[in-house]
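Order of writing sets the labels: A, B, C and D. Residues in every chain begin at 1.
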Amino acid sequence: MSNSSFTYEQASQFTEHLQGPSGSAPDKPIARVPGQAAMWFFVVGDLWIFTCYFACYAYDRAQEPMAFLQGQLSLSQDLGAFNTVLLLTSSLLVALCLKATRKQQHTQARQLLLMGGTLGVCFLLIKAAEWYVKIEAGLPVMSGQFFIYYFMFTGLHFMHVSLGLVILTLVYLELKKATAGNLAMVEAGAVYWHMVDLLWIIIFALLYLM
Amino acid sequence: MNPFRNLSLFQNRLTHVWAFLVATTLASWWLGGSAHRIMEGALAQERFTTTSIIIAIAIIKMRLVIWHFMEVKACPRWLRWTCDAWLLSVAIIVLGLYRFA
Amino acid sequence: MQTKDQLICLWLVPFFGLAFLFAFWNANGFFPPMSPTMTAEEVATFYQDNLASIRSSMILCNIIGLSLVPFYMVIIVQMMRMVHASRVFSYSYLIAVVNGGTMFALADLAWLNAAFRPDRDPQLTMLLNDLAWFAFITPVGFFIVQNFCLAMAILFDKSAQPVFPRWVAHFNIVTALLVAPSACALIYKTGPLAWDGAISFWLHMTTYVCYVAVMFIVTRAAVIRQATESSTHPQTWQEQAA
Amino acid sequence: MNSAAVPASPGIDLSKPRMLSNPKLDQWICFWSIPVFYVLFGIIFVIFGRIMPPPTPAMATADIVAFMTSPYLSIAVVLLAMSLGIYALNSGLMLTQMKRMEGVSPVLRYGYIAVLGVGGLPGCLFPGYMFALGAFRPEYDAHIQVMLYELGFLCFVGSLGCFIIQYTLFAIAVFLDKRQLFPKWLAYFSIWTLVTELVAAPVFITQTGPFAWDGLLAFYQGTIIWVAWQTCLTFYLFKAIKEQPIEELGLPMRPNEL
């Protein structure tokens, strides 16, 4: 990967560039992709795969709007919103971690990453609790299409978050080594984690609010 | 040690983006919560307006995450366009199918 | 010396082979096999009448069902001794053996299940019986690939002292071809290709028994040659190369 | 890696005359079995069996009986029973190339062997037998035919476990491979395949809609992604064999190392 040769000097230039010299927008973007190009291939493809799911969901929802609305009302919007905030915060922490890494503040980066990961774990626990309550309430109630979509979307997202936690753990271990080659990996991990956040934003809107 | 040292949290654009994201989340949460009230009347038209706003908010949020957290704003043009094309397609596909299917 | 364990695995073959032959001879309706043209009621009556022999034989088969696996593993180890560009045929052989063995286990379980409750709906008994015969007679694809791999491995062998003689390769191809038509038992209820027919059953079983017997003899010879060679020659290719 | 040249040793006779002048012929045989297998697969499942694309689970009983008793279905299963073994050759080739990866211990390869040794049966041959059973005896009661029909399709579309582990192991191997035998994006591609495969999980609880076994998500999307993945994988296998240096073939290989 050509990105692994990306040095810290370049990284700090890149950060400055992102921020703008005085917080203003950059005039001309640097032709560079954060992380590995392969990771972006995955992210974009994954987003398109999910788009197919969303299309099916929107179509089916239009067929029987009342049944879907009823299913939707039985979900807890409050928990969903809380989970969204959790993931957003976690995303922020990971973005800050990347910033600290670019400044070669590895200890600080690890602390931030750890906090971000902990929020991710909280997200999973809350999701699991939500499922538990739903299943306890009785599966026959949830026989409709809506709940198949609910369990599929949240289940797939759950899987993505779990994979994301594995990736964050690998990034954490990489940060412990604090060698110069790890920046691309931290960036790739951050990109993946933000994608998980991205998917949750739209899933939250579709399943809980729409 | 303070994990946020040297990050100038309050002047940091990432934090501003995050605050905006949380605020819009709460706004769309309030909007979606009003589904309870609309339920009885089940006005498809009114529901569509609410839905459109909620989806629009989600699209804006995703755009912000892509732009600032994923740093796509400093990426080559093809990636920026791919991401924007995706966002636009999601909006069109979801709302179009929801409205006209 | 890694030949003692191989010889042990080899000598399991005659032991378990005799047990297999006994099991099939003992079970009424298997030697010669029952006809696929029987109606559901006839099949059900058949199971009711022959419960003891079917159950005892099939339980025996269930126990020894995969007992030929160690034998095939000896063949794989012998394939590894050959000098090849890659291990590709050994891998394929292993996967084919696993699949073939699973199908036999499935057949046996279906027979036992049919005999478990002889007074059930005759159609269900017939269904289980059909499934068992299908799984027993027709999954020839794995045997074909297995033999093909062994044959190719022998032909590709670059050892100065071939592990298996070349005719074993041809023998493997011929047995695979003889067994192949049995898959047609999925279609025919009468004639030589039905599961009780001359080709699908008799030729298939005879070929298989002969195959195991011949492979037993040549594999044993190969293992014994390995034992004598490894006492005089270096053990690994690295040592040989050194 | 094994960059040592083939040593002239008393145990090896390199001068043997044979059709084997191409030292990679064994791998090429296995490689060309891949297109052969998938062409047969198409003939069996699409042309003769009409199993792909699948008919709907919500079909009327009379139609199910008509589907199950089609004589072409039996022919398809006969072909399947004769040729399914070929996938052992494909898998063997995959394992041979995985063996060349650097920084990958045999553990992934052994897992791959185990998973592939099981995979084809619940997902392919067993459903084939269900269809063959129905076609073999049209005299079965309609409700038995319906059960066989459902069992067949649920196994065919819904058996996921083996393939999910296969994609996972492949992805891990490609990620760890320092040699980059396969490109990194192919590993990510196999994660997509995994995700789209997971979506077939609800086929067991729905009879209509996108998650049914003939559904847009459970069947079509997964199949399209899988076909694309398989195509890319085949291409890169081709490349890997073609670019494998001659010195790496054959010796030194330890006799007992699988």
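Criterion: contacts are C-beta pairs under 8 Å (C-beta built on N, C-alpha and C of every residue); 3 or more make two chains touch, one makes a residue touch a chain.
Small disclaimer: the values here were computed from a predicted structure and weren't measured.
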Chain D omitted: connectivity of the other chains: A, B | C
Selected pair, greater C-beta contact count between A-B and A-D: A-B
Centre-to-centre distance between chain C and chain A (centres being mean Cα positions), rounded to whole Å: 52
Inter-chain centre distance, chain A versus chain D - centres from mean C-alpha coordinates, in Å: 32
Chain A and chain B: spacing of chain centres that average the CA atoms, whole Å: 13
CA centroid of chain C to CA centroid of chain D, Å: 23
Touching chain combinations (by label order): A-B, A-D, C-D
Chain A to chain B touching residues, read off their complex: 14, 17-19, 23, 25-26, 29-34, 40, 44, 47-48, 51, 54-55, 57-59, 61-63, 65-66, 69, 72-73, 77-78, 80-81, 84-85, 88-89, 91-92, 94-96, 99-100, 103, 105, 107-108, 111-112, 115, 190-191, 194-195, 197-198, 201-202, 204-206, 208-210
Chain B residues touching chain A - in the complex, by the definition given at the top: 1, 3-7, 11-15, 17-18, 21-22, 25-26, 28-29, 31-33, 35-36, 39, 42, 44, 47, 51, 54-55, 57-58, 61-62, 65-66, 68-71, 73-77, 79-80, 82-83, 86, 89-90, 93-101
Residue ranges of chain D in contact with chain A within the complex: 183-185, 187-189, 191-192, 195-196, 198-199, 201-202, 205-206, 209-211, 216-217, 221, 225
Residues of chain C that touch chain D when the two form their complex: 2, 36, 40, 76-77, 80-81, 83-96, 98-99, 102-103, 106, 123-124, 126-127, 130-131, 134-135, 138-146, 149, 152, 155-156, 158-161, 180, 183-184, 186-187, 189, 233, 235-238, 240-241
Interfacial residue positions of chain A with respect to chain D in the complex: 1, 36-39, 41-42, 45-46, 49, 52-53, 56, 60, 145, 148, 151-152, 155-156, 159, 163
